[in-house]
Every structure is written in structure tokens, then in C-alpha cells.
Amino acid sequence: MSTGTRNLLGVGAFAGFVSVLPFMLTNDYYVSTLIMAFFNAIVVIGLNLLLGYAGQISLGHGAFYGLAAYSTAILTATYGWPMGAACVAAIALTSAVAYLIAIPTLKLSGHYLAMATLGFGLIVYIVFNEAIEVTGGPSGFVGIPRLELFGFSFDSDLSYYYLTGLVLTLVVWASLNLIDSRIGRAMRAIHSSEKAAEVSGIDITGYKRFIFVLSAAYAGIAGVLYAHYLSFVAPSSFGFHFSVTLIVMVVLGGMASVWGAVAGAIFLSVLPEFLRVFENIETLIYGSILVLCMMFMPEGIAGGLSKLGRFLLSKRSRHVG
Amino acid sequence: MDAASLLQYLISGLTVGSTYGLTALGFTIIYNTTGIINFAQGEFVMLGGMMAVVLMKTLGLPLVPAILVAVAGATAAGGLVERLTIRPAKGASVIQLIIVTIGVSILIRGIAMLFWGKDTFALPHFSGMQPIALGGATMLPQSLWVLAVTFALLAALKVFFSGTIYGKAMLACSYDPKAASLVGIDVRRMVLVSFMISAFVGAVGGVILAPMTLTSYDVGILLGLKGFAACILGGLGNPFGAAAGGLILGVLESFGAGLISSAYKDAITFVILLVLLFAKPSGLFGKASSERV
Amino acid sequence: MSANPLLSCRAVTMRFGGVTALDAVDFNAAQGAITSIIGPNGAGKTTLLSAVTGMIEPTSGRIDLGGTDLTPLPAFKRSHAGVVRTFQNLEVFSNMTVLENVMTGHHRHVRYSALDALVRTPRYRREERRCTDLAQEKLAFVGLSELADAPAGDLAFGQQRAMELARAVAAGPSLLLLDEPAAGLNMKETKALGVLIRRIRDELGITIVLVEHDMDLVMGISDEIMVLNYGKNIAVGTPLEIQKDPDVVRAYLGDDDEDI
């Protein structure tokens, strides 16, 4: 079975599962939880590609999410732009900012890159908080219209759920396709050996920039969906805490795996609903996940599962070499 | 914009800059010994101030013992962090180590929040709050404490690193760990000591500043980041640069807050950090080698 | 034989700090020839290769490939110009299969954009198919066809070397630089390597520059040899000429003449 076919089957199964899930839930409230989880998953897939394949760490990705959310909010509510145009503009703006940041930032590596993205994220957060006339300040921006496309208004939670589920499925499929292409190979090569990648003619800086901007675009897509769902955005949702949460989701799910990203994001988004005490010990759990995963399971759940899978399979097939 | 206001900004800038400098020094010590940037450095600063406050409130300890125990506790925490998370992670990639130290910083913050809640606390000023007049500006006695303790600590560290065998051994580790171990230096112990000294220095920074700025469980993030900015400003790996960078950063921030906008004060610092990283990562006093970046 | 240099290095000098790794080295590799570079350890052989591929920038000098001046080109563009290298310490993409490694070698020839990849247009399918077929062909050339789907990191050392060659050849270079390809191989594997290198030149028409310590291999397959010592080109000639050259002998054995 080729990778392409395997991916398609996986995506199909995922889409099917997502479609029937609402009917299996005991409480309609969980639908809104899942919607938020899907938003996170979209962002985390992009971050996963950045961290897992390009090996670039971003501690400020919440800023891109927030930029898109605020942009579409301001364009629709303050300036009365039509919804479609506002969303596209917001995503484009977010991608453009990412492109500008990428150029100097990607010359850095390791700690410097981490700090630069952290600093960037905090600057954006501070601007959200302080530019009160534009953003509404710490109390947030209200009155964002609910999403409406081609005349259809996504008023109900259920309709929004299916919309977001569809977008997530498409993002998963597109990302899997990307990995199974020359671009994916180039990214994996960069992650594995930059020297050999260069010698094979791969423009390392160009690809790192591409994936950085792409991950910001993913965050942008999630951001516009978020804004037009909650009808309200506040700076506190896009700060350092959120950016770190995203990293925890990537690490938990497995750093070089689209499905791992989805699993990590949905798991950690849904978990608070089931752990009453989660809020108090949330930071403890996140911190522990980061430390323990890095020390014992650097490839996350996805890596652990695939290692297990390969181990079981190799017991049956003949030895290599 | 009279001289008195400018002097005021300078004083408050130097005061807060001292803590930035001490935080930066903590970064530098660990970086020099291990090559790691310890993202949890800011939390040691937080621990110093918070533990002192808590000890006074819950155990009724007087100020001086509370400070001593708090600093000792933070130092122990530093050692614990190294033992439990850094030492077992030998051979981990840079990204992995970054994530581990981020995780540690979150953990420490989480534990602090669990035990002490989200409130802000104030440590009493060491010798009262009677302002001292200085050329039209006023200065709190605590500022003098901050500057004095900082310089004393810097002097002590200088003596330690260039005068004692232990200190020189730690420097040797930073130049070449293999060579250091070949001449009999216990590199692993040096790493442990470096973490403890960094925690010590950070905690002292936290304690002396806590009376003037409120302290709470999450002050570590900003302090850590500003400490790192100070490091970069002074040239990563250069202890003198770290201290100087901290003071300069504090003063820049203070002037920025006073002359431009106090709301965007923190943003100013981070913009400086970004500009530095993009344009001159080797900082003011560092070598221009692009190796580490 | 040396009438038509494909690669022409003129007065290439490389200084790091106080060390002169390469001292005004002139080096030519004739089109269609197998040219070897030999010399004691630290003579600057790998430094020269790195300069040709753009991984380091020479302090002065000029490097020409088939008339194109390579010096302004960044490293990744040199592959586009037609020069590819392999690495002494193996740089295998261990997060991919053997086949994907070789396909990555063909990277710059695969013609579709990210958009094509994201939605799997017919152009993507066509070019992926072509790339896969070409990679299979190169794997067959080096004799690794059955291991195409194995994770690259799982292969034995000798097989990884062969895979690296397949990957380099998949890039369609006009010039292939081999950095100590026999390192770590036993005698049988080294002989097979020699055969493979000859086939790369004979069947694929690729000019080869070989940096090596294994004298049997070097003397056996080289058309021309250059000897480097302390960063200087001290001799150029056929294998027979080089073996007899007193400067060369002295460089390898030192100044004590007792053993000559």
C-alpha cells in the first residue's frame, strides 16, 4: 500500500469518525469543547511541521493565532468588511508578518531562535493589551459577527463543528500530502543532515522560511475560525501561556507526525473537561509532560506507538542486511 | 524633562537593572559551564523573593533568617533541577534541552501557584522606607541595598572564578569539558555547582528587589526573559557583560517607560532583544564569532 | 588526458585564524577522468572539497566548473551547477527510507510546486512517478534494489555508503566528489567500490574526483593524481609517476631516508 493510499484511508476514517462523533456524545456542551480542540489541532499541525520537520522552535505561535483573530474581528466589526474578504485578509496579513519575522529569525538557531520567538510573542501580546482603541484592551473585543459564508450562517454549534471538522480534515490531508512530496523530503533532509541537504541542492533557508510561514498560516486559519465562533477575543487567550500549551501538545503528540499533532492537541484540549482539578494542576501537568517526554519519550505518543508497531512487525519479517 | 526626573529614571533603572544583571549572571554561569540556556533561570529569581515572603508570613520568621533560608532553598532547588532533569538528559539535542528547561520552569511555576496561589506579595524593605534625597530625586534605602548587594556579589564571584580552584575548574569546563575531565576535574559536579550558584545568584536578585516590586508566582517569566536579553546585550558568555547588560537594560527600560510610554515598557525591552538578536547577537562585549548562533 | 579540465581550481587559498589550510592550490580535473587527491592527514584534502562545494569560502582563488565561476554561488546552488559530493562520515537521512534518500538526491530536478503537492495535482503524480522510477534505477545501479523501503539508518555501513553514492548520482551531476569513500570498508568492499566508481564514470559519464587514503584503490582506478602536503600541491601525475616522485615519498614517509 503506497503512502498516498494509506494517508487517504486515514483521512477518510478520521472524517467518518468526526462526522458521527456528535451523536455519540452525552452532552451537547462537548461539541463546543471539540470545536475548540479542532482549532488547536489546526495550529498544532503547523507547529508540529515546524518543530518536527524543520527543527525550528517557536515559543510565540499564539501571537499568529491572535493576529488573525484580531484582524478579522477588527475588519468585520469595526470596518464592516464582508466576511470572506476579512478572513482571507487576516490570514494573508498573519502570513506576511510571519514572512517578515522569518527572515532575520531563521538565521538564528537553538536558544536564540526560541528567545526571539518568545520575545515576538510577548510584544504582540503587549500590543493587544495596550492598543485599547483598536483592540479593546485587556477586556477584549466584542461584537464579532458569527461566521457566514455563501449566505449560510453558521449559527449553531453543530454546524460550526462540521465546518471546523471539515477544515481540520482538509488541513490534515494537505499536510500529509506535503510530507509525502519533494518538499516533505527536503524538510526531513534538513532536519536530518543540513550538510547533505545542501549538497543535494536544497535551499535550507528558503524551506525553513516556507514552513515557518505555512505554520503561521495554519494558525491564521484557526484564528479566524476562532474569532467568528466565540464572537469575542481577548489578549489573555493568545499569550505566553497559550504558546507554551501549543508546544506541550506538539511534544506530547510526537514531533514529526501530523496524526500525533492532532492526537496531542485534541487530548490536551479535552482533558480539562474530565479532570475537575485540572485547572489547579494544569501547569504542573504541562511541565511534567514536557520534561518527562523529552527525557524518556522524545518522539511523543506517535513515536512511541510507531516504534511499538515497527517492533511488532519486525518480529514477523526477515532481518535487513 | 528636567535633570531631577532623569536622575530618578536613572536610579530606578539601575535598581531594577541590578536584578536583571544578577539573573543574566545566572544564565551566564550555567551557559559557560554547560552550553545550555536554562529557561528556568527566572524561576529561581521568583523563588528567592516568594520563599522569603512565605517564610515570614507562615512561619513568622524575622526578615534576615527568612532571606537566608529562602536563598538556601532556591539554591537547593537549583541543584535538584540539575540532578533530576539535566543530568539524566545527557546526549539530548539542543531542542530537547530547551524544552526540558521550559518544562522545568513551568513545573516550578505550577508548584508555586499550587502552594502560594496567585496573589502578589511584598517583602518588607530591609531598612525602612525613608526616602533619601539625591540631587532633586529621591532614592529609597532599598535601592542602596540592591546596588550594594549586587556589587558585593559580583566582586565575590570574580574572586571565586579567578581566584579559587573551584572557580577555575568551572571555567575550564566551559572551554573544554573533555580536557577538563582529563586533568581530573569532575565535570558532572561542576555542572551541579553551576546550577546551584546560578540559582543562588538569581535568588539573591529576587530577594533584594522584592520589597520594591511586588512578587508573585509568575514574575519569573518576564524576569527570565529580560535577564536573557541582558545576557545578549552584554555578549553571551561574558559575566561582566551580563552584569553590565542588566544595568544598561534596566536604565533603558526606565527611560523608555518615563519618556515614551510606561504601558509599552516591557515591549521596549523585547524589541531591544529582537533587534540585538537580529543585528548583533554577540552583544556589546562579545566576540563577533557566529559559531554559537 | 588533461586537455579538457571540467573542474579548474586556481590559486585556491584557505586561511583559518593562524592556519593556512590551503596554499595557492592549483588543481584540475579533466572531463571524463577519475582524478584523485592524496596526501597525509591534515594536508587539506577535505578542505579543498569543501571549498569546491561551497561549504567554506576560500580566502582567495577561483574555482571554475565547465566555464562557470563557482565562487559566488552559495552551497546549495552548486548542486544546480553540477557538482555533488559524498561525505567521509556518511550523512545519511536516517528519518527516511533508502528510496526516499535517493529521491531526495534528485530534488532539484523534480518539477512541481508546494501547491501541486498540497492537493496532489496530475503534475505532482507525474513528477513523483518519474522521480521514484529514477531513484529505483539508481538503486539498481548500486545493487541495493531489495532494500528500497528499509529505513536508511538500518542499513549496514557498506550499504549506506552505496546508498550515498546512489543519492549523489541521482542528482545528475557532471562532477562527483568522493570524500574517502573507502573509509571503514574491508578489502572486498573496497574492490567492489572501485568497480562501482569506474562504472559511474564509464556508464553515467560523470567526472570523478576522489579523496582517498587507500592506495590500492587510488593507484588502481585513477587517471591522474594530485598530492597535497601542508596545503600545497606538491605533485601531479599518473599513478606510476606519483609512486616514483621523491617529493611524494618524502611527504608520506617523512625526512628519514633510511627506508627508501
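So that you can tell them apart, the chains are marked A, B and C in the order they are listed, and the count of residues begins at 1 in each.
Just so we're on the same page, a contact is a pair of C-beta atoms (placed from the backbone, for glycine too) under 8 Å apart; a residue touches a chain by one contact, two chains touch by 3 or more.
Treat the numbers as computed from the prediction; the structure is a model and nothing was measured.
Asker: State the remaining connectivity among chains, in groups separated by ' | ', when chain B is set aside.
Answerer: Chain B out, touching clusters collapse to one piece.
Asker: Relative to the centroid of every protein C-alpha atom displayed, which chain's own C-alpha centroid is closest?
Answerer: A
Asker: Of all the other chains, whose mean CA position lies farthest from chain C?
Answerer: The most remote chain is B.
Asker: How many Å are there between the centre of chain A and the centre of chain C, using C-alpha atoms for each centre?
Answerer: That pair's centroid distance is 41 Å.
Asker: On a C-alpha centroid basis, what's the spacing between chain A and chain B, in Å?
Answerer: 33
Asker: If you average the CA atoms of chain B and of chain C, how far apart do the two points sit, in angstrom?
Answerer: 50
Asker: Could you list, by residue number, the parts of chain A that touch chain B in their complex?
Answerer: 51, 55, 57, 59, 104-105, 107-112, 114-116, 118-120, 122-123, 126-127, 130, 240, 244, 247, 251, 280-291, 293-295, 298
Asker: Going by the contact rule at the top, pick out the chain B residues touching chain A in the complex.
Answerer: Counting only chain B, the residues touching chain A are 37, 39, 85, 88-89, 92, 94-100, 102-111, 113-114, 221, 225, 228-229, 232, 263-264, 266-267, 270-271, 273-274, 277-278, 281, 293.
Asker: Which bits of chain A are touching chain C when the two form their complex?
Answerer: For this pair, the touching residues of chain A are 4, 174, 177-178, 181-186, 188-189, 191-193, 195-204, 210, 256, 320-321.
Asker: Which stretch or stretches of chain C touch chain A in the complex?
Answerer: 53-55, 75-77, 79-80, 84-85, 87, 91-96, 100, 103-105, 107-108, 110, 112, 114, 116-120, 124, 127-128, 131, 147, 150, 154-156, 159, 167-168, 171
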